[in-house]
Amino acid sequence: MNQTRKKEGVRTTGIPSKEELEASPGYPSYEALTRGPIVVIECVQDIPCNPCESICPKGAIRVGNPITRLPVFYPEECDGCGNCIPICPGQAIFRVDINHAEDKATVSFPYEYLPLPKKNDIVQGVNRTGEAVCEAEVLRVQKPRKFAQTTVITVAVPKELAMEVRSIKRLKRME
Amino acid sequence: MGKTEIAVVGGGAAGMTAAIESARAGAQVTIIDENEQPGGQLFKQIHKFFGSGVHRAGTRGVQIGRDLLREAEEAGVQTRLNTVVYGIFPDKRLGLICGDHTEELASEIIILATGANENALSFPGWTLPGVMGAGATQTLININRVLPGRRILMVGAGNVGLIVSYQLLQAGADVIAVIEGLSYIGGYGVHASKIRRAGVPILTGFTVLRAEGKESVERAVIAQVDEKWQPISGSEEVLEVETICLAVGLSPLSELAWMAGCRFSFLPALGGWVPAHDENMQCNLPGIYVAGDLAGIEEASTAMEEGRLAGLAAAESLGYLPPEEGRKRKEELRNRLAALRIGSFGEGRATAKKKLMRAMCEK
Amino acid sequence: MAKKFDVGVIGGGIIGCAVAYYLSRSGASVVLFEKNYICSGASGANQGGMAMQVFDLKTIPLALASSELYSGLSDELDYDIEYRKNGSILVTRDAYQVPLLERRYDELKRMGLDVDLWDENKLRRFPGGDREPFLAVIESHFDIQLSPFRATYGLAFAAKRQGVKILTNAPVAQIKTVKKKIHSVVLETGEEFVCGNVVCAAGPWARQIGQMVGLDIPVEPQRGQIIVTEQAADSEYPYILDGSYLMTAYGVKAVGEDEAARKRHAMGIAGSYAQDAAGNWTIGSSRDMAGFDKTNSPEVLKGMARHLLSFFPGMKDLNCIRFFAGFRPYCVRDGHPILGRAPDLSGFYLAAGHAGEGVALAPMTGKLIAEEITTGKTSFPLDDFRYERFESKRP
Amino acid sequence: MRIEDHPILGKVERGRKITLKVDGEPVMAFEGETIAAALIASGQRVFRYTEKRVEPRGVFCALGRCTDCVMTVDGQPNVRTCVTPARDGMIIQMQGTPDQRETALDAGEGEG
């Protein structure tokens, strides 16, 4: 199943291209990431939607009017609380801490499958195409009531994959 | 013959909100729904909705459904379940089938919120057990809590195809591929990204050639198509699947509106033949309103705003709202609707809706 | 520039399509104007059968000749019209209708038709007669059924293949005459078609077309309502009528009806049940004059359903899948079709007023009108059906 | 295949266990669920055969529209199983099976 296409992007592959991400006002620069854990918004289409703006306690995400505008992210305002991760109906918001350890970064992402991994589990980190790219250690599995059944999982991954890993390989269901 | 001030046909997203608004304004409202439970398709919408706070963005459809049931009860809406509306007759009389007998219900206003039908796609083998609507699959997994198959092929990469694929994964199935005849993904990119991260390929420019199997689907043969949607020979691939889900669009469920004598316009952006209506959701026939997918295929969020608008306008026309308040609240709802019909995913529908309203002025 | 044709046919129902088809076989150049789409009027709103045993005796010979044409039509058109020679039964459970049926049986027998009056033994064995037996049953062995949609489209497709130009969504606005002769047809779009002959096959709209040439065609819409059920197993008797049909459709008199029957007859309700090739039953019938109001009424639908169950209680488990209303083109002067050339207007031909027998009489109507236009003569006498009959009756 | 646990909807809450008789065989179901759900859970895919061409059909719309899933329930033919709740002891039969046809044909010949 060959998926090569001219001008690949979210409309043809379902995955935002590097160009699309970098052109998006929600996608922070690498330099911004070095200052501490912040969120990364991978929202590249004019969908009528703004819960990320409403929920951010710091005003670090601004959509404005009309609500189809892409979220503009102000990394300097973001304290990395991650409230926007589970609220995003498109599951397009992640948190990245590239300073987690010498060679490790953490990535937090929404996860809505069963079974859930447990803290300290070693699982496989997957990139945007679902391909396993590394081992990932589960650091946190958060599922408070206010997340409305969405779980936010934080994993530690090799630092150079901080902007690649966006989820984990789904775990086998027990029958 | 029974009587009600406002009869709402269909207790889904649009019908419930219409009934709630009318009843809150003071009107006597009866929802008629053929199912055991009201709520329509909301209870299988287990994903979080888009929009903004007023549209309940970030809340799951199933939760919104629960809230609407409670609100309807609090507002004093009467609900007649397991009741089929078999016809609309002159003087806004509804013919009802309730179990083994028929009844008539006289009303001053009818709000039609009958929803939509899934489109089918015919190809050799499409009648085999295992080929089903994507919405049907969604009902089975999220309402009935059964999996129709382990290995799934999804046909269509609009929002329904993408969302149901995701929900199939959540239910424990494997989606072998999503195929789409167009050269691009029609649904929201974020829905596509979700399933791509889960390892599901999305093949654009592909169609299903045939379903094979003795008594039910055992495999699907897919192929690439050219610009004229003709299969390219040599591009066939065989997928071992036991279920083929069709997510190839919806059509307004419009029989009752036709029967009532509503004027229709053909607007592909809204799913085909759609009853013309004005900015109060009223049709060319005074006292007949439409809302939700019947008035044009859109999202549940728009259906709910349209329902509110229709319900409010209906109550207002019966004198239940001071004109100034009615005007203000309807304007607010129209703005909320407009907010959902902008951008590259919404413009087409906004334009089509304008045409629909212009059709009201034609002879 | 106006386009030129030998004949313009107004109406894309089964009559217009049959006229166009038979004309095209004779080599005439034909254009057909349909204001909506093919089969959008009465031709698509009926039960698809020819229960000739209940017809007015005057039309039976014409109908028989038509059914003869139908028997070979699928092959001729290379299109399956679902022709079935299943016969029909005419039944009653009302004592007062028994003489009616006996008289009808004698009349049919005298015409040499293949009918049986069932003896008591067979009545008791009637399947589905799970109430008391019928009091009388006439079985016709010559009645036929077909798909009216397939027949109409089959005729239209064949006509098209033979060169007929078929225009749909093409309402006629005007018919131009020059010195008492037809000159041309003008559409609402302004498009003009020069044709020396025009056939009015406009069904219930015949009167409006007649007005365009100053001719009063006494045809008005008679509304009929029909319920359609889901598919059921094939019935041994797929076409069943009851004695009331003779009364409501043909005004045959009978004395002794009770209050319920009187009310039912006043609504024009009589039993007419036909199972199509796919297994669906159509449940009729009703008659009333309501202008062009095509709405259904729950009273009539319920009345028809109750009447059905009084005959066949077992049908209560069949689901209804839809219902509809249509307009029979009914000749308000005498209920008979109006066929052939119009008086005092050269080139104007009538194929109108077929009431509930449009499907039944279509092939012969098409054949005879084509003959008259192309040769001036007909192979079957049309005298009983010509427009002139109204003039002779004038006081 | 039943979905017992679900990441969004949680553990399933079901009615009491009941038994249906489907073409003579007992099938376990839960009160309140549709007949179709119980049959799918039991692995059944073919719900009926068509009248004319004897082709298999299964659940297609799951909404009570398409009538592909109709079966004979307690003697009543053409019941839409996707919208009809299961009840204990229901007798459910497939319509249009090749076997059934042969039986019907034989009976017909017997009657003459």
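Order as written gives the chain letters A, B, C and D; numbering starts at 1 within each chain.
By definition in this document, a contact is a pair of C-beta atoms (placed from the backbone, for glycine too) under 8 Å apart; a residue touches a chain by one contact, two chains touch by 3 or more.
What you are looking at is a predicted structure, and each value in this text was computed from that prediction instead of being measured.
Least step count on the touch graph, chain B to chain D: 1. Should one ask which of B-C and A-D has more C-beta pairs in contact, the pair is B-C.
The centroid of the Cα atoms in chain C and the matching centroid in chain D are 42 Å apart.
A straight line joining the Cα centres of chain A and chain D is 44 Å long. The centroid of the Cα atoms in chain A and the matching centroid in chain B are 30 Å apart. Counting partner chains per residue, chain C has no residue touching two or more of them. For chain D, the set of residues that touch two or more other chains comprises 6-8.
Counting partner chains per residue, chain A has residues 112-114, 149 touching two or more of them.
Contact residues of chain B toward chain D in the complex are 34-36, 46, 60, 62, 117-118, 120, 127-133, 135-137, 139-142, 144-148, 150, 170-172, 215-216. Residues of chain D that touch chain A in their complex: 5-8, 10.
Those residues of chain A lying in contact with chain B across their complex are 1, 3, 5, 10-16, 42-51, 54-55, 66-68, 87-92, 112-114, 126-131, 148-150, 166-167, 169-170, 173. Within the complex formed with chain D, the residues of chain A that make contact are 112-114, 116, 149, 151. Contacts from chain B toward chain A in the complex involve residues 47-53, 57-60, 63, 157, 169-170, 172, 177, 183-185, 188-204, 237, 339-346.
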